[in-house]
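Several structures are given next for inspection.
Here chain A shows up in two complexes: once beside chain B, once beside chain C.
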Partner chain A sequence: MSDCQNLVSLRTSEDVLHKIPVHLCLQMATIRNSLACEHFSDTDIVIPLPYVSSQILEFVIKWCEAIEKQDTELESMQLSILLMATLPELEESELIYDLMKAASYLEIKSLVEATAQHVANKINACNNLEDVRKLFGEENDLPPDDEEEE
Partner chain B sequence: MCTLQAEETHLAAMAYANTNRDEVTLSLFDISWEDVLIPHVAVHLTLKDLFNLRSSSRTALRFVESALEKRQELHLSGNSTKNIELAFKVMARCCRRVESLQLACCKWLTDELLLPLLAYNKQLRVVNLNECVNITPLALQPIIIECKELRVLKLSKCQWLTTGAVDALTLHQSKLVEFDISHCGAIGERCLIIFFRKLNRLQVLSLAQTPSVTDQVLIQIGNFCRELQHINLIGCGAISDYGIHAISVHCTRLQSLHIRRCPRVTENSLSPLRQRRLRIDRPQQDVYAYNLNDFYPSDFLVY
Partner chain C sequence: MSLLAYNGDDVSSSDTEPDALIDFTAMLMQRQNEYGNWLGCGGKMQNDHNEQGYHLEQYVLGVLDFSSQYGIDYSISYTAANIIGRPTKFPAYGDYPETFTMRTYGDWWQRAPSATREIQPQNMPAVATHDYIVVYFEDFVVPTEVAIFETYNPGAVVRIWAHSITKNWVCLWKASAEELSKSGPAESRAREARRFAPPLKKTSIITKTLRIDFNHSRLHYYTEVDAIMLCGRTVSLRRMQHTLQELQRTGPISCKLRSLKFQPSCRDNYALKLHEFINNDLSKFLVDNKVDESDVASATATTQIVASNVPDICLTDLPFEILLKILSYLDLKTLFCVGQVSRTFYDISTHPLLYGELNLKPYWQLANSELLCTLAKRATMLRKLDLSWCGGFGDVSPTEFKKFLTQRGDNLTHLRLNSCKFLNATCIETVGIVCDNLTELSLRNCATDPPLLNFSCLANLKNLERLDLFQTAFESELLLSMLEGNRKLKHLNLAFCGVSVNMDNVASHLATYNTQLISLDMWKAHFLSARGLQSIARCTQLEELDLGWCLREASLGDGLYQLLANCPKLKKLFLSAVRGTTERDLVHIATLGKNLEQLDLMGILNITRERIYDILVNCPKLQLLDLSFCDNIMERDFDVIAEWSRMFNVDIKSSHVPYDAR
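Showing the complex of A and B:
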């Protein structure tokens, strides 16, 4: 830990240092396990996050702050609604996948559930194949026989 | 192809793509399939969503088939859409961990379609084949013999159900908690008597419109199915107060009783149950009404 104000130093993939309050970091099982290690608690160590960019880390922190304010445990659909309320810029962005990946890496269960439900909702809203391909930017590379069978 | 191989195939394909860090954009299928996409995204998708996704690209097809491999519940009750048989063949090929199989009113279902799915899924706990009129006891055989964890079996309106199939159930399945053989006219009284001797854990039972259900069958149920909570005997015209009394005395956990169109069951046996606050579908009769056991049963005398 960095100093007596209970901040944790995290270095993102762009080599940028972020100091985050411990109470927010404790929601991230990966960081929590690192902090539990004696080596980290005794020295002024920076925890590297090679798979998380600064932008995504900011999203993660906003999420952790929003979750801390909740009184009860939320279900997947409620988590998804909270996600869009907290990070509305994700709605039209492809950063949702980066966020999902970061949530998995940092082991933030609530954020994994929220992003997963959000993606599932988007798939459910697709009415046909073209909508699905457009959603994921996929090209139709199935052989013609397979596509006819579908 | 198992899930791990499918995911590794996708990663190998990614490795040959443009590796310039600035240009790589993350897509859905770059997220871990085993840790995130299958347990957290695929579980929220309906079968319709999965099949739409499956048809969009090769990668999506591999992903969906990996997700189907791990899917625990298949809910197709009432589904008779255009390509359902083709879709079911895909599910039969891919699914390996199904525990709940809901196929009620799937009139398109045949032994030929169902048997391959059953060959790879022996951990079934819930099987609903209500009104599956085009399958035979042959399809039931692997369920009876192989599915040791089976707890719920629904075979309502399966007129093809034979005494032999129920005898096989008696031998192999004694842990059933819920059982429905309503409207199965081919089952005999004797085989039911023997069958219920084994079902000590039964909690929910439907025997509606089963003509061979007699007071003797109800006595066996009372003696051996002490955990019973809900029983449906609608239209079992052969039963009387005698059989209901046997259940009433021994099944102390009973919560509901469906007894309409059973003209020989009167308030003599129902009153004690009403006092126990059981939910009974027939309203309380006027105490001055005729005792129907004194007359030849007739529907119009009841309601």
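Showing the complex of A and C:
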């Protein structure tokens, strides 16, 4: 199709094809490795991503574009700030966990760090154990015992 | 007067668990004494406060510990001992040697080649502590005010701690990050002495020992403290004994409640309400608040409203590695808390991968043998350990430390034991025997009498790249054999090593065995001569060299020229008070110091305006130039120098109160 920019087709879990520029895909180690195993021909490569939905893939692409624009390597706190700036809709939603799983599956180191730091910040913002439980939907299934340590 | 006296109408079973009620009552009485009107019932409780105590103001009687000082121990200039007694200079403002000064200022040391990174950095608080001093006073008081007399560059105090007779440290005041950043750039702050007495937390602890924490990052130049005053109400011996006995008597519940600001609002029927609370809600309350040490600890519940009822995260979906990754960003204290959330969280939060690096320095006031024991169970993959500042006052036993190290120390690459008061001979031996994979060993401020480091076991370490012995007395022979054994040594700090070490010998060893050296700190070292300088010049990889107050007697001869010629990578060169520096040497600095970023020429007499200009023009990377006490520089030159500072974008220090007794 277009020959000025190589595109890679990614098939998401709903069987939808997304055409993504190669340079963005190279941030994803999983895809990078797949691409290395085949050579380009005129027809686009199609890589199946059964665990990633279209919505999440959109987010991932936005993230990769944001990272492309950075000239220095950022550390985790800065990455989490960038994440909220790029994808503000994640703040209130559960999708961040799907995004984390996708980042882990696609092996995008920067996104894994950003999301993990973001969730860690959320834990730090909790004032007590109940809030942390609510955050994760966890039940207290520990046996009551004496305070074992400080 | 007991609660039971109000039980006229109370039908509830005051017969059940009478012991519990009585204990609670006794504790309430204690609380009442401490907080007054606590129950809000306005009734005057009978108490044994006949001895009112009187207001007392006292100055420091002695110094127990300090992390660093500018001067050397036996000197009277710029040492910690100057903080004892009444202020000698206040309210005068200036750079006076009769004050307590620490070794560093600003962030220059963080920018130098020898800078290190914190272990487990997420543990560090927003406002970090760089240095501290622990002082004691004559009389026990309940503190009402602590005043710190700052006579030069005020603004570095960030925390005030008090050690109560119940053997725990209480933070009476701490600076917030916002306050610190609001204080504006260093240069614009008023140059006047300050009696700094911040508002203290209301407390009833009894103390005569304080610890002051400092943060230098916003300092323009050294900060200096003339004196510390502790004000408070005196306490009778009887009351002190009572407090200590209380502590022994009360169980963990009362202790916990004591540490919370427990203020139920009860007016009528308060006995009934309290009774209900004890019977129905107390256990839940304790479980919920057991590990919560945050400021929001009141029983009248926080008003944290969660946005929706649906949990934000579906935990069961997230794979283990991701949860581990999330937890890896948490500080140690939160990690322990989070382990109390559920079984799953307990399992993840105790995973050894989260304990590869351990830093207990920010928890110095809490660290004890039990904590070490607990951590030993989890830290099976420990690589980096920082126990700096921990274990003073006997909280960490040498036995526990040795056990910890024996269990977990064999894979350690980095070990920091700065100012660890519990270290003794056998501890150091254990380090030498067990931790043979160490690439970094830091034993700052371990000065003891007799000198600690005369134990040959340390010579067993052969992989060191960094050895930090700042302010630690040690034995020459051991040092020399360690130099011979550690050919890969890159960073060596021998500041304040004392009179027993001949630096010329050290230098010639370095020239033979440690030519990969990148940074060398010999601040206030003895017996370094031009010959030693020539030896150092053989370490051609040198990027940082601190020769402050060395070479006092000798002329440098060719030494400095050789050093500059052979070490082109030199970025930081400190020649504070190296009076043998000649004008020719200054010319060499200008011609050969192409990579110099930090240059300290404090107290060098031969420096003139022309030489300064030369250096500024020819050292394009220069960021810091210290010209303090260069008495040859005339008063009228300082305006020109300030102009050059702007022109060349170099931070020029020029403290010039005429004094030569540094």
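As a convention for this text, the second predicted complex is superposed on the first by the 130 of 150 C-alpha atoms of A that agree within 3 Å, B and C clash if a C-alpha of one lies under 4 Å from a C-alpha of the other, contacts with A are read in each partner's own complex, and residues count from 1 in each chain.
What we mean here is this: a residue touches a chain if its C-beta (ideal position, glycine included) is under 8 Å from a C-beta of that chain, and two chains touch if they have at least 3 such contacts.
What you see is a predicted model, and the numbers here were worked out from it, not measured in a lab.
Upon superposition of the two complexes on chain A, a steric clash is found between chain B and chain C. In the superposed model, A:Glu92 makes contact with chain C only, not with chain B. By the touch criterion defined above, A:Asn124 reaches both chain B and chain C. In the overlay built on the shared chain, the residue A:Arg133 is in contact with chain B and with chain C. Once the two complexes are overlaid on the shared chain, A:Ser76 sits against chain B and chain C alike. By the touch criterion defined above, A:Pro144 reaches chain C but does not reach chain B. In the overlay built on the shared chain, the residue A:Met100 is in contact with chain B and with chain C.
Touched residues of chain A were counted for both chain B and chain C, and C has more of them. After overlaying the two complexes on the shared chain, residue contacts for A:Ala116 are found with chain B and with chain C alike. Common to the chain B and chain C contact sets on chain A are residues 76, 94, 97, 100-101, 104, 112-113, 116-117, 119-120, 123-124, 126, 128-129, 132-133, 136-142, 146-147, 149-150. Of all the residues in chain C, the ones that touch chain A in their complex are 252, 283, 287-292, 294, 296, 302, 304, 306-307, 310-315, 317-319, 321-322, 325-330, 334, 336-338, 340-346, 366, 368, 370-371, 374. Chain A meets chain B in the complex at residues 76, 94, 97-98, 100-101, 104, 112-113, 116-117, 119-121, 123-124, 126, 128-129, 132-133, 136-142, 146-147, 149-150.
By the touch criterion given at the top, residues 25-32, 35-37, 40-41, 44-46, 49, 51-61, 83, 86 of chain B touch chain A in their complex.
Residues of chain A that touch chain C in their complex: 76, 92, 94, 96-97, 100-101, 104, 112-113, 116-117, 119-120, 122-124, 126-142, 144, 146-150.
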